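Chain naming follows the written order as A, B, C and D, and within any one chain the residues start at number 1.
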Amino acid sequence: MAHAWAVVTEDSVGAAVEAVIAAGRYASARHWVPATSGNFSVRIDETRLAITRSGVDKGALTPADILIQPIDGPLLPGSSAEAALHVRRYADDPGIRAIFHIHGLYSTVISQAHTDSGAVVLAGWELQKALSGITTHETAVEVPVFANDQDVAALSARVADRLARPTRPGQSRAPGYLLAGHGLYAWGRTAKDAIRHLEALEVLFSQIITLRSYRI
Amino acid sequence: MAHAWAVVTEDSVGAAVEAVIAAGRYASARHWVPATSGNFSVRIDETRLAITRSGVDKGALTPADILIQPIDGPLLPGSSAEAALHVRRYADDPGIRAIFHIHGLYSTVISQAHTDSGAVVLAGWELQKALSGITTHETAVEVPVFANDQDVAALSARVADRLARPTRPGQSRAPGYLLAGHGLYAWGRTAKDAIRHLEALEVLFSQIITLRSYRI
Amino acid sequence: MAHAWAVVTEDSVGAAVEAVIAAGRYASARHWVPATSGNFSVRIDETRLAITRSGVDKGALTPADILIQPIDGPLLPGSSAEAALHVRRYADDPGIRAIFHIHGLYSTVISQAHTDSGAVVLAGWELQKALSGITTHETAVEVPVFANDQDVAALSARVADRLARPTRPGQSRAPGYLLAGHGLYAWGRTAKDAIRHLEALEVLFSQIITLRSYRI
Amino acid sequence: MAHAWAVVTEDSVGAAVEAVIAAGRYASARHWVPATSGNFSVRIDETRLAITRSGVDKGALTPADILIQPIDGPLLPGSSAEAALHVRRYADDPGIRAIFHIHGLYSTVISQAHTDSGAVVLAGWELQKALSGITTHETAVEVPVFANDQDVAALSARVADRLARPTRPGQSRAPGYLLAGHGLYAWGRTAKDAIRHLEALEVLFSQIITLRSYRI
């Protein structure tokens, strides 16, 4: 299977690093990555990704804050433990080129409220159409919710297992998931798609939460 | 009937394109057009409008993102399906020079809550006076709400039909309407008026929603 | 009685105009004056004030948007009807050098909810101390609320009448008042004081409203 | 005990002053210090700190707005009364290098609601890990809440007394505390840590408050 990124030069590394830096800056400007939270990665090629180090301010990234992580290898020194969640997604889905994780207020709050049900289901919102593959507001879109877990290997396996299974009949699955009390992961076939998915999901959750305060 | 724009040069095209770009940037800075949502148009003359293509970031428009759409003709390739809603309004009301559509949080939320009643009625808010033709907070202003519909031709006809009918006695009608779970359309006799209407309506809805959370 | 501004040169006019422009820009950046709402004035001397014209964007004022209004004379052409509220306050209290009026979200919402009681009473908030003359959070600070009225002369008289009367025992009065469903007026002995009062009151109202949504 | 700042030159003074100015600017940009509220200090060495004067705009500090306060001495002229809270913490904990105090909306609101219980307890939020010493979301983190008091000496003694006592079994204590109806104090081993603690706590409180409005 030939991907657009099958032919790689060192320019691919630089482009991926730049895309990570730009995504971090975008997320920081929207207050989605408070207090050095969040992590951001972009695929370089079939075997490598560029990913943020642990503990750095995502709004002021420099190339020195980005690790070149092999997909088929242990996490590099300086990695966030959550890098394992990125690596596993890239390994499982070769079509993914970018994965971004944020602690947006509405993502985090809604994740906490839906831990037991295991999903937020979006229905009836036009903005669902900003998610790749969704062409109408009339479908129901499942955003999986996982209990948070400091054992990231176990969490990563649970995520992979669930994403490998089909959705319920009549539902589509969003290009992302929530960790309860923690935040949102979203991905895309390009970095631009992944950013659009972050924004669409965070805003959709803000609509649901605000509607609740109006309807009661 | 002579309009100010009856004499058209190619400068009219450039001015309309610039006005669309400026409106998109304004809306994006206020987070009203998340994830490439929204669409923006400005009338060029009796027969044409400048309108955003489908799927572009409204905060970073360039002239290449704007289509010159005939009012009396099929949608151009690259159009958003919703362009039909714009074209019909321009055709029905020659006084309209700009139509802007946003997915503002409060517009979207309030639209969802008022789908069944078919209207949000504004009353008692001074900011109503920012809507052209409204001179007092003491009048009631109807903002029609339509169920969202992926069949835009049908939706456009429903909108046109309702806007052609008079309001209830004692009510005025806002220069805009809501699509449920979708967002706000507003227009004006100038691009500046249309922006002011967007802002006034989004803020009025935020006042209503916030008041609810305080009064309960 | 000699005021600091007793000796006036044309520089006083320029300084007042600049202070009005700066205040409008500050308020606009905080989204307190949506859709050309709000109005701003600064005293020039015992007999004149600089005040914004009707209908202009307060975030982009130029000297041409500012009128030099006599305190003892009819409103100039181009005035907002509400200019009468400014003029009367300057006439009644020679210590006032600036009056700013905004449509802040929280001011507007809380005003609507307290129309019947006729006041918002602040108590137990440290930020009360940002209001001139308040030195402790332990006092109760009355912010009068008036029903909105398109008859500004009548409204102005009602405001003047109430502000001339003492507060209830044990209460202080804020350097400002609310018009129901409309917004906040605040003043100060300097433009800086008046801005600080706007900000303190809008934030205090946001604290009260947010606390309600948490406590229920 | 040798600290990194045991060897002091006048550069240490300049660096501390710069760090105070930068922290004020950061906080102001996030609307955490409305109406000249808040105060900010950075330790210079074992005996001195740089701290903001009373009543200045924290978003536009200059070196003239910063006092060089001895830890073992009376408050300097121009000090905020609350400077005593800073000085006492530096005296009690030589590991503290920066203390920042803000009036963030969510800190202030949650403090008011938890006055009687005397603490906000954080549990189940990933962002807790942004607090130094907290390595898992599974621990419970106590943020002490003190009744506000215009007698700052008495308040300072109450704070010192409680912080000297151990937490409840199974709880950790946050690097900060709340004053009811007033705001948040947070500190760190570096100015960067103290800023991260402010941000993490303010955002954690926003998550708790927003979740409440969704769950009801």
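Operating definition for what follows: a contact is a pair of C-beta atoms (placed from the backbone, for glycine too) under 8 Å apart; a residue touches a chain by one contact, two chains touch by 3 or more.
Computed from a predicted model, the values in this text were never measured in an experiment.
J.: Tell me, which chains sit next to both subunit A and subunit D?
T.: none
J.: Quick check on the contact network: minimum steps from subunit B to subunit D?
T.: Minimum step count, subunit B to subunit D: 2.
J.: Would you mind working out whether subunit C and subunit D touch using mostly the same residue numbers, over half shared, or mostly different ones?
T.: Both copies touch with mostly different residues.
J.: Provide the C-alpha centroid distance between subunit A and subunit C, rounded to the nearest whole angstrom.
T.: Computed value for the inter-centroid distance: 46 Å.
J.: Between subunit B and subunit C, what distance separates the C-alpha centroids? Give it in angstrom.
T.: Centre-to-centre distance between subunit B and subunit C: 33 Å.
J.: Spell out, as numbers or ranges, the residues of subunit A touching 2 or more other chains.
T.: In subunit A, 213, 216 touch at least two other chains.
J.: Connecting every touching chain pair, does the picture come out as line, ring, star, complete or other?
T.: Contact pattern: a closed ring, each chain touching exactly two others.
J.: Who touches whom among the chains?
T.: A-B, A-D, B-C, C-D
J.: Quick one: in the complex, what on subunit D touches subunit C?
T.: Contact set of subunit D toward subunit C: 34-37, 103, 105-106, 108-110, 112-113, 148, 150, 179-183, 209, 212-213, 216.
J.: List the residues on subunit A that touch subunit B in their complex, please.
T.: Against subunit B, the touching part of subunit A is residues 124-127, 130, 135-138, 196-197, 199-200, 203, 206-207, 210-211, 213-216.
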